[in-house]
Structure formats: structure tokens, C-alpha cells
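Order of writing sets the chain letters: A, B, C and D. Residues in each chain are counted from 1.
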């Protein structure tokens, strides 16, 4: 683990062609890091995320992704992601589609060093017909059908969290989503944080903490989850999500918005 | 969202002013759905209509109901409806919040949820749901958000309640894509696969309440909302809809139900600065 | 969930012939409940526990168990469990033996509603040769060998925890071991607690809490983990563990000790 | 526990008083083991000798080493040695404490541990360990505690360090039971099975330090502790023990190492009211 700026953390750890996971289940979505990836113009990415939202709509709209692995794509509480939807409907984005439980367990399997996840799922559903990576085996004891999908092992996972201590351990509170699993499943991992503190101080004995040795880099990014939120720091900017619908509907409006608000916005 | 104004009286010409309070068809739908929940339920809640119904139940007749959202919040008591599945409000008012893999493994797959509450873009007569795509999967007319947790909810919960607005585009004879298994394409697949949970036992719409036929598992109309005719239901259903031998009339929303629901929506709108969650 | 006395909780939920798990990883071992089971004289039990310690030595010494499923048996930091060891060496106790990781994952599989656990383990070890429930399958994607063992699904799991609130939700802090999984894997579950509070009050958003609907009964048992410990309440009674070595070494000394300290001690 | 008094000088008759401080063979063993650990290690620690060695490393040359105990405590810094694997001290001084299934799945099996530190009742020349049974499994002479986490430590950690007192009863030509895979019964099985972790790379005893031969994986003597002869090692090893081409002499414990270790044991004895953890 080393402390880096957001710029340097992305420059060092995100490469063209990477399998990249930006995780955050509505909460703690790593927007600042995502915008920096857009500014640095990475290409040919495989984007992984349970709930692709605006940040992936932006990356896909900027032509940075060739493939998306996901389980629910939408603008939560608002509607569609128009850039993503256009890319899918046009056929310019390859998709690998799961359900939430499957994908969460695929991260879990990656974190646990397993080649695949085993669970109950997809029986009677059409999803296995469109995703050849959904397979079935038999329980060696009961003969029951068990579903398998490959473990997720991103080249790099990026998360946002509340704070790091001076050793680079990272504390996550609130809706913790699948971030711990996504970090532990990854070959490299970057955490942006609201702040760095000397010591976490009094806390739950069972706090959700990623030890420094599980991270490649930690970078300070105040309000780094905006327009998502950081429990204990700032609320979700619902208006941003609502306004996004009109921005992303039109290709040119989208381009102009991205130029002004991301490309020329610096970090 | 369009909502049919309706009164708490019988259908047909009205010689006198409506006897009950004024309410919309969406309110009727939400109230009817809420009533199906009880204090002992552990309910896995989807965003939107399910969330409104579940919280209405909690704020009226089922104060001890346990609401679970897929973001990991257990036994949550939001004061306002969430705009997203991961709103901070859900976590702040929860008993505790677990990681998402745990939510799906221990709580859903582990069989710790009594009722899953779902919507979808399309439903068929056996309660199968499509939330993936309209048109072909490889050449979509409309790409929808996808399963999210719905596939697992359909499998893991003790039973599934569906809440959807009635329309021929949504109530279809043949799903474009089967995302969430109900009773199966011919009504028997769920049973044949040996799945031990019940699947869809209730489908609440803005027109009626449907329940599966015990023999065929076809969703049949068990109760019409006040003022709704069989013909209206037929028109809005994409298959040759069947009615139970005895079709009841849904009790109209009570004054308390309406007041609590409207106050919930008003608080929600103030909190989000939007009409978020106002679908019902 | 119902609030019961320890006596009534055991009387109602523990039956002769049950597969019974008393879990607690050194911390929060449910001694009070175990002693009540001894007083009520249950027979023919299959005892399940990762780390059988004194309470299982006592139950086995009293002839209550026909079978033990475990992964490490000993008096932690002291030595052997003499009653257990005698029963095994005499052949009067059937044993099913795993390693810790395997057994923890078998509980996890039970909690997750799976028929078996899948993991990497036991390769090159003699354990599969003596436990026919350790089997191997191939990963359908990579062909790698994956180890399987049946999920643990106790008839009843008993744990001890710090406190319950008035709804019967149970909070566990400190070394949480495998207790959550053992409760969720079980058909019935009983928690004894140090105290019942009106409300848990301010706490971590991600506290380890078993909701009331996962428990059959909650019973107050102050110092219910003694001679084990309850984080935040009292320390481990190391002298008791050390003294146990002499007590259990001799059958008659053991019998007399149990009569005086358990059978005639009431609850 | 018997411990051979020794001095920090060469073996043989001593014409002059010993040049270094007085120490026991057990202290030498613990110190030698501690030295093998570094600041970058994430170390999975067994109770007893491994725990003493790991904490000695942390309190001397490796203050930033991360100690992990199988009870779920991550990056713990106990002030006294634990009597049991789940002592409260381990949790109170940890960065955080995770559930035991997570410990084994994410941390051990997930490959997040660099070194596993084990002991055992028997070891063979290829670093395989027995902690299950002496005699036949179905007709035991001595029933031992069993694997605990040892089987998984041997598989999941980047490499394994073993610390055991040298004796013919423990250093055996043939294990009664193979609990924890080292390099395999003939030294090649681990490699043949395609296991990617290194297995035993170090065996520290009260007499010497052994390391695997790069070709055969047989543990050979790489360093003799001060005052120890090859003959003494041969006498205490149950197989025809081999020595490296160049056998070093282990540096004796420094005054600081001894002071820190003794003070750790003294604190531990005071805390537990016993000689707990005093094995070294």
C-alpha cells in the first residue's frame, strides 16, 4: 500500500484493456476515481459492477468500454442509463449478465480464492440460455442441481470509503455492499477516502476494515462519492441523478456535459 | 404514471356522491398489497411500488413486520420511502446492515425471508416475470435493467407477491424473456424442478387481486377493486384472463390507510425534493 | 422467538437424539445452557462443535453423547480433554473429524441453504481416508479439484451472547466465531444472554446482530459463559480451565465434581 | 518441558567463562524463529511456540508485522501472550475481528497470508505434520487435538514455518497420520498436486534450523545453534538427518532479544496467573 493522489493511483494501477470493477451499492460509489479514469482516457475496458449506474453510463458513453459484466443496470429511482442502453441496443457493447445473488457470490468466490461460485439459482430462468458461463453440477451428496459461475477476479477494483488511518487501513461504514469482496477478489485495489486520520479510535470490535496489505494504493478524495453519498459525511445528491436522465438521453448533450463537467474539471 | 380516479362505492352510474373517501387506482393497489402482509412477515422489498406497500403495512396494521432490502439492511424502518435500494435512510433506521453477499447467501438463499415483493416489466399468466429485455435478447427493442435480485427472490423467499399496473403490454401471453421463475412457462415447471418455496401466491394490480389456481397455478382474479368491471380487467390483460368461481370486491382504502400513505408520500417528496417513490 | 428461562428453553428445544451444536470460539461458550442440558439428562446426542472444550468433555463424560463432529478437541492452552479422549480411545464415541476451515464452511453452507460446502482443502492429507464425507469434484470451468463436505444443519444450536433487546434481537461483540452461521444453519436456535436491554442504542451500522426471527428462544443467563468469557462483561477464568485437567483425568473425581458443581448446583 | 542451558559460545569444553548472556535452548529456538519474520509479513499464528516467536519479532525487529489468529483477529498486537486462540486480549488489540468462516475463506484460502506458523506432535523429513493421532486412527494410542486450522494453513499460506522441539518421538521417519501436507510423503506430492503455495520453508528446533533441499524438498540442517553438535541432532532425529553443504552457526540471542522475550513471558505469567505461554 502506498498513499497516492487520485491521479497517480489511477495512472499507476488502471491500464488499457483491464478488467475493472468500480463497486459501491448505491452508497460510496467511487465517482472521483471514475472521473479520473475518464480524464486519463483508458480504453478497451471490461467494466464489472453489480449495479452499473451513472459513472459507467459516462464511461460507456465516452467509448472506453468493450464489455460489461453486471446484474442490474439503471439510474436508481429514475429510469434508464441512456448511453449504456444505446450501446447495448446498437450492439457495440458486449454484455455478460448475471443476477445480484450470483454476481455477489462470484466476487465472494474471487475473494475466497475459488475458481467458481456455487449456489442455488437460475433454475427455470432464461438467463442460462444467454450466458454460457452459467453452468450446473450435481451435489455429490444429495444429487441436487447446483449452479456454478466463474469467480470474478478483476485486474483492479476501485472503491470509495469513509477514512483511512495512517497505516493505510480503510474503514467502511453503512451499506457496505460487496466492496470488501471486490477488493479481496482483485489483483490490484485502490481505495479513495474522504479523509485520513491518525487512528480510527474507539470503534466496534467487528468494524468493516480492509487492512493496508489488501490495497495497492489509498488516495484522499473528499466528496469522492458525489453524487452518491458517504454515510456520516454527506447525503446522496438525488437531483444529479434525476438531471442525468436528460443529459444522457442525447449524445451531443452528453458530450458537451462531459467536456465541461469531467474532462475540463480537473480532479 | 396515469391513475384512474375511483370512489369507494360500487361501479356504474352514481346517483349519489361517493360514499367513501376519494382515492386513486394506484392508492387502491398499494393498499391492497399492504393488507396482504402481516406482523410475522420477513419481507424482501423491491424499490417503488413494493416499498410503498410494505411500509404502508408497517405504518398501519403490521407495525412489527420486518423489512429487508437487498442492500443489506435488516429490519429497517425508513421514515420516508427510499429513492434507491441503497439510500442512507434504510441503513440508519435498520437493526443492522450486512454485506450484499451475506444478504443473498444467508438471508435469501438460506430461507430466512417469508415474502418477496416484486414488480416487473412483464408478467405472464403463471406469474413468471420479465425485467430483462423487450424484444430479442441479442437484438433488443428495449433493454431493461435486468434481474438485480429478482431471480433469487423468486427462488428463495417463502412466497412471492407481485405488484404491477395492469396493461396489455405488461400482462402478456408470452414473456419476451423469463427473468424470474414464477410457476413456470406452463405452470408446472416450478413444481417439477422440486423447488420448495411457493412462488407467486398473489398478484395485485390497480384493477384487481389475482391468486394462483390451486390446480393449474394460473393467476385468476380473486377480487375486483371497487368500481372495476370484469370487462376492464379483460381489456387490460394480454391473455384470456380467468376469474375465480367467487370473485370478491376489494374493500376500499380506509381513511386511515389513505392518510398514512399520503403522508408517507408527502414526507418522501419533501425529503428527496422530488416525487420519488410517488408511483403509488 | 420467545423469552424463556434457561431451564424452559432447554426443556422445550433440546431433545434426546438431537444433533446439537453449542458454539463459541473460546469466547462466549454457552456453559450455563450446557450445564442445564446435563441436569436435564439428555441422551444419545450428536454433539457438533469446531472446538469441543470442557463443556463437551463434561457432556461426554456424563455419557450423553453417541457421536462428535469436530475439528479441534482440547483444553485450550492446557492440554487434553480426558473424558473425551478416553471415550475416543475406548471406542465408545463415534467421531466425524474435519479441519477448522472445512467445518466453518460447512456451517456457512448450512446457513446459506446449500446441501454442501465447496472449498479447497485436504489435498494430500490423510483426513479424507478416515472421513468418507470428504469428497472431491471438478470445477466445471477450470477442471481444478474442489473439496466438498455436507452442510451442517444442527437440530438445535445454542449460543451465548452479550445482550438481547426487548424484541429478542441478539447482539454479539468481540470474537464472533461461527455463531451466526451455526444459528442460521440450525432448525431451532437458542441464545442465552448476559442481559436484556430496552434498546441496543448507538452502535455500529454493521453490528453483528441475530434478528429475533432467527431464534426460537432467548434466555437470560448472567455469567452464562463462565469459565469462558464475555467481551465487555467478564474475563476468562483461566484457573478453571487449568484445574479441569486434574478433575477430568480420573473418572471418579470427575463424577463427584459434576455432582457437586453441576447436577446439584441448580441453574 | 526440559530446556538445555547453553551459552553464546562454541561447543566443547570451555576454558573461559561464556562470552555471551546465559539463555536456554527454548529461548534460542524462539529467537531463531522470530528472526525469520519481517515487517512485510502477514503471519497466521498458532498458539504456544509460534505465538511467542511472532510476538517477539513484533516487539523487536519487525514492529509492523501483521499477526492474524484463527479466531478472526486481524493485525493484533497483544501485550501478553494468549493462553487460548480466542483470548480477549487478541480482539482488544486487533485492527478488527472477523467471523471464523471469513477468516478461512477470504484470508487463508484467499491467499492473503504470507507465512503460516505451525507446530505439531510429529514431523517427517518432508515437513509433513501430524497433530491428529499417535497409533492407528481407529485404535489410537494417543488421541491428539486434531487439525484445527493446520490443514488449511499448510495449503493457504504463502509459506509455512514450523517450530518444534527436537526429539526422536517427534521427528519421525513415518507419520502415524498426515494431518497437514508439507511437501508430501516422498517430497514431491505437493508439487505434483499443483499447489501453488510453497509449503514448509523453515523448521526451527531447539537444536538447529532446517530448510528444504531445493531438489528433494527434504528438510536439511542449515544452521546449528551455538554449542550444538551434528551428533546431538542425529540422536534426536528419527530419520537419517542430512546436513547442508555449508552449515552455519546460529547467532546466539542478543541481550535485547532475551530481555524482550523474558519480559513478554513475565507479563504473560502475571496476566494469566500461570506459566501460560511459557513453553519457550
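Keep this in mind: a residue touches a chain if its C-beta (ideal position, glycine included) is under 8 Å from a C-beta of that chain, and two chains touch if they have at least 3 such contacts.
Quick caveat, the model's predicted, so the values are computed rather than measured.
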If you check the contacts of chain B and chain C, which chains show up for both?
-> A
Could you let me know which interface, C-D or A-D, is made of more C-beta pairs in contact?
-> C-D
Average the CA atoms of each chain to get its centre, and name the chain whose centre is farthest from that of chain D.
-> B
Centroid spacing, where centroids are CA-atom means, of chain B and chain D in whole angstrom = 60
Rounded Å distance between chain A and chain D, as computed from the means of their C-alpha atoms = 41
Whole-angstrom distance, CA centroid of chain A to CA centroid of chain B, is 29
Touching two or more other chains, which residues of chain D qualify?
-> 91, 97, 105, 109, 156
Check each residue of chain A and list the ones that touch at least two other chains.
-> 108, 112-114, 119-120, 174, 176, 180-181, 203, 205-208, 231
Listed by label, touching pairs are A-B, A-C, A-D, B-C, C-D
Report the residues of chain A in contact with chain C in the complex, numbered from low to high.
-> 112-116, 118-120, 133, 135, 137, 139-142, 144, 146, 148, 150, 173-174, 176, 203-208, 231
So in the complex, which bits of chain B are touching chain C?
-> 42, 64, 66, 74-75, 91-92, 94-98, 105-106, 109-112, 156
Of all residues in chain B, which touch chain A in the complex?
-> 47, 70-73, 82-88, 90-92, 97-101, 103-105, 108-109, 132, 137-143, 145-152, 155-156, 177-181, 184, 189-190, 193, 195, 272-274, 276-277
Partner chain B, residues of chain A touching it in the complex = 25-27, 50-51, 70-74, 76-77, 80, 85, 88-89, 91, 97-102, 104-105, 107-108, 119-127, 130, 174-178, 180-181, 208, 229, 231, 235-236, 238-239, 241-242
What residues on chain C touch chain B, complex-wise?
-> 108, 111-114, 167, 169, 180-181, 184, 205-209, 211, 213-214
